[in-house]
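Listed after this line are the structures, all set down as structure tokens.
Shared between the two complexes below is chain A, which has chain B as its partner in the first and chain C in the second.
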Partner chain A sequence: MSKNILLAAILLVMSAVFATAQSAGMLKKKVPRGEYGNVIINNFSEKKNIAPVVFNHWLHRAKYTCRLCHIDIGFAMQAGGTKMTEADNNKGLYCGACHNGKEAFAAEEKKLAGLVVRPECDRCHSYGKKVDFHIDFSQFTEDFPKSRFGNGVDWISAEKQGFVKVKDYLEGFSIKGKSLSYAGETELKAQAEGMPDIIFSHKKHAVWNGCELCHPDVFGVKKGATKYSMQEIFEGKYCGVCHGKVAFPSLDCKLCHSKEVM
Partner chain B sequence: MSTPLSQAMKGAISIAALLLCVPASFIGTARMLLADDSDWRQEFSELCGKTDMAMTLPPEALETLSKQSDTLIDKIRLSNDAKAGLYIHRLEKCRDFYRFMLDSIKEKRIVK
Partner chain C sequence: MTADFILRSALLGLLVSTQALAQWQLPPLPEPELYGNILINRTSTKNGVLPATFSHWSHRSKYTCRVCHLELEFNMALNSTPITENKNKKGQYCGACHNDKIAFGHNSKHCGKCHNGNIRYGIENADKLADFPETPFGNRIDWVKAMNTGLIKPANYLNEQYEAVTFKKNLILESEWSMTPDAIFPHDVHESWLDCSNCHPEIFNIKKKTTKHFAMSYILDNKFCGVCHGKVAFPIDDCKRCHPKKK
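For the complex of A and B:
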């Protein structure tokens, strides 16, 4: 009983800390669900008088694993970190690996009333434009299992229940026959006393990310050797590289701090 | 003494030989380049295809994979393939992962 009261008190204090952190600008402003995880790519666009790209993570993650894009195709984990050019895409690299008219739509030239146009350009270079997207977030995710934060979708359950079928292989990029055999769960001790420990599922993470996406770049730490804080996670380090940007935000404490308190 | 006719014949033969040899050498070079590229792609798949089983590999195997990755990175650097940069980046990630696993094993041994 007293442990439950202590737990409730800790959660209350943590919520107050999060609220303070948010008001101090440490946490990102809440964005509409359909925009959670969006990345504005503007390395070269505006310099060439083209609208920046609005990359929607939600649609891509519903179709492909994180590993496919961030390992096999080579997209950086930081927004704007890839510095790809139109020439790269035309060579079949980066976005061009899929957006080639076969795997996904391409920016092909079409003749419209005697004029040569590329109507598909706006589907990516959409920043500041009113674009009629072919797929709407709310409709697409309407029946998906729900989550409290982020874009409101419980993606792990959505995959488990067959709402999304993510592809992990792209011809010309991926290695055939790779399968992850590690299915372990790791228990991580919470730093705050009384806070439930973390049950970290390597399996859940490895299915979407593979191994080399996280180790050693994101987690160079050896098991138990380095302690990292929630503050560092909020600053985008460790778990915060994905959680809070694309994966569910760290505000959803119970999804990680899930060990039952005895 | 050679007659003007035999000289003309020799000239014609030389030109014909040249015409045959030049394209043949181009084809040979192109074949070599293609063979090299498919070689390193195959090697790449074999090296990076083991990350998912790295947890089960002994330190010696991880050490070998890491060294082989370094050698292959140098080889890919010489390639003109448009995707060479991407493959180098991926191979570096695989190599770093093998080293990470190797360090983890060494550390565990020290702790024990």
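For the complex of A and C:
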């Protein structure tokens, strides 16, 4: 190996250490409430010279359960993981399952002053554009019960109190039948001494997720078999698959660590 | 391995160590009454008004850090919060209190109280703090003691009714250098001013025994403890407060 390569390798390692150090120990920029849970989808858009899609979870979750899109329609949980194409959507898959002009607006062609236009494209392919979304986050969520982080909305209470009605069935995608009711609450022991234990409510989660969004992939079903740390949750694993991305972020300790310390 | 390579490595090592030495120079401290004072000028000058002066000490005697830096959504870095005149008038940011009810309003009568471009503005008010418990650095006020003895009773919430998780654990942070005694970290003192989320997980992840990633040089660079200590909370000149066994 030439000495230059060795030197380059040393410099590379040093710069990597420096780069990690630069972002560590500092606060990230706060995500505005109306942008929490937004996902930029750009598998093919820019390659086809179209603006990437900015998908807002807040509006979709106000109308549908998580399960409906992530299980029945088959969207991956990772941003950009689904790789749906325009053809898929036109066939009525993925976004096209609802955005077909019946369930929700479609990207149809219209004739305007003799020109063929597709006026709705921008409502999804909006990245970097000034677009009239028809619905404003602040107005839409104004009366909803509040929470401290994320969208600033207490979605659980919003659903319970009827501010939002979330649809859990879509013809052609969902299977009819009664869902399994498992209303148990599980207590999870906190690892750090003095930290209140966690009370996990299956009931609250099942409203949005059914069983299958978490089990068995994210969490096994044998009690105590899946071991995870808060650190891993912050890294986007386990509870962090949703909490910190779309569901309330794990900054509000007490929402989970809710058992009184004896 | 050639002599040339050894020479290059040595030079590189020297460069890194001189940089490290340079970092060890503690930044000069302002007068105690000006410690934590800032001039906010994100858009002021552009909009033809003078930058807004802000004194942390006058605010922290009435409100905990968390009221502004969590509830009112002020960022920790200067000029990074999207404060606008309009938002203030709608009751956001400064306007949450500066509304003529809690504190003087954001209106034409009072412009000059903030938009004066003078970081020394109101310095004479610091006389009120003359009898406060002392420390050698920063504002030269032991704010923790002032709170614990009831000299100040900063409100912990403005509109929110919330009772945060309490976690009282005192941490002992093992020192990297054998010459330096371990540092202590009391959760409860920090909790009386801050929300868990002000520090976790972005500034400090919660992994145990990871002092390596927040060596003093980073703190001097305003990272980790240095996000607050050195700007508003007591500066790190005050070695003993964290390394109590230091002689």
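One rule holds in what follows: the second predicted complex is superposed on the first by the 230 of 262 C-alpha atoms of A that agree within 3 Å, B and C clash if a C-alpha of one lies under 4 Å from a C-alpha of the other, contacts with A are read in each partner's own complex, and residues count from 1 in each chain.
Simple rule for what comes next: a residue touches a chain if its C-beta (ideal position, glycine included) is under 8 Å from a C-beta of that chain, and two chains touch if they have at least 3 such contacts.
Being a predicted model, the structure only gives us computed values, none of them experimental.
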For this session: Have a look at where A:230 lands relative to chain B and chain C in the superposition and call it first, second, both or neither.
Result: second
Exercise. Counting only touches as set out at the top, which of chain B and chain C does A:156 meet: first, second, both, neither?
Worked result: neither
For this session: Report for A:176: first if it touches chain B alone, second if chain C alone, otherwise both or neither.
Result: first
Exercise. Between chain B (first) and chain C (second), which does A:51 come into contact with in this model arrangement: first, second, both, or neither?
Worked result: neither
For this session: Give one of first, second, both or neither to describe whether A:252 is in contact with chain B, with chain C, with both, or with none.
Result: second
For this session: Check whether A:212 is in contact with chain B, with chain C, with both or with neither, and answer first, second, both or neither.
Result: first
Seminar exercise, completed: Shared chain A footprint, chain B vs chain C, residue numbers none
Exercise. Along chain B, where are the residues that touch chain A in the complex?
Worked result: 45, 48-49, 51-56, 82-83, 86, 89-90, 93-94, 96-97, 99-101, 103-104, 107
Problem set entry | Residue ranges of chain A touching chain C (in the complex, touch as defined) | 3, 6-7, 10-11, 14, 21, 24-30, 148-149, 192-196, 230-231, 234, 250-254, 257, 261
Problem set entry | Interfacial residue positions of chain C with respect to chain A in the complex | 1-2, 4-5, 8-9, 12, 16, 70, 73, 75-77, 80, 160, 162-169, 196-197, 200-207, 213-214, 218, 222-224, 226-227
Seminar exercise, completed: Listed in rising order, chain A residues that touch chain B in their complex are 71-74, 91-93, 175-182, 206, 210-213, 215-217, 220, 222-223, 225
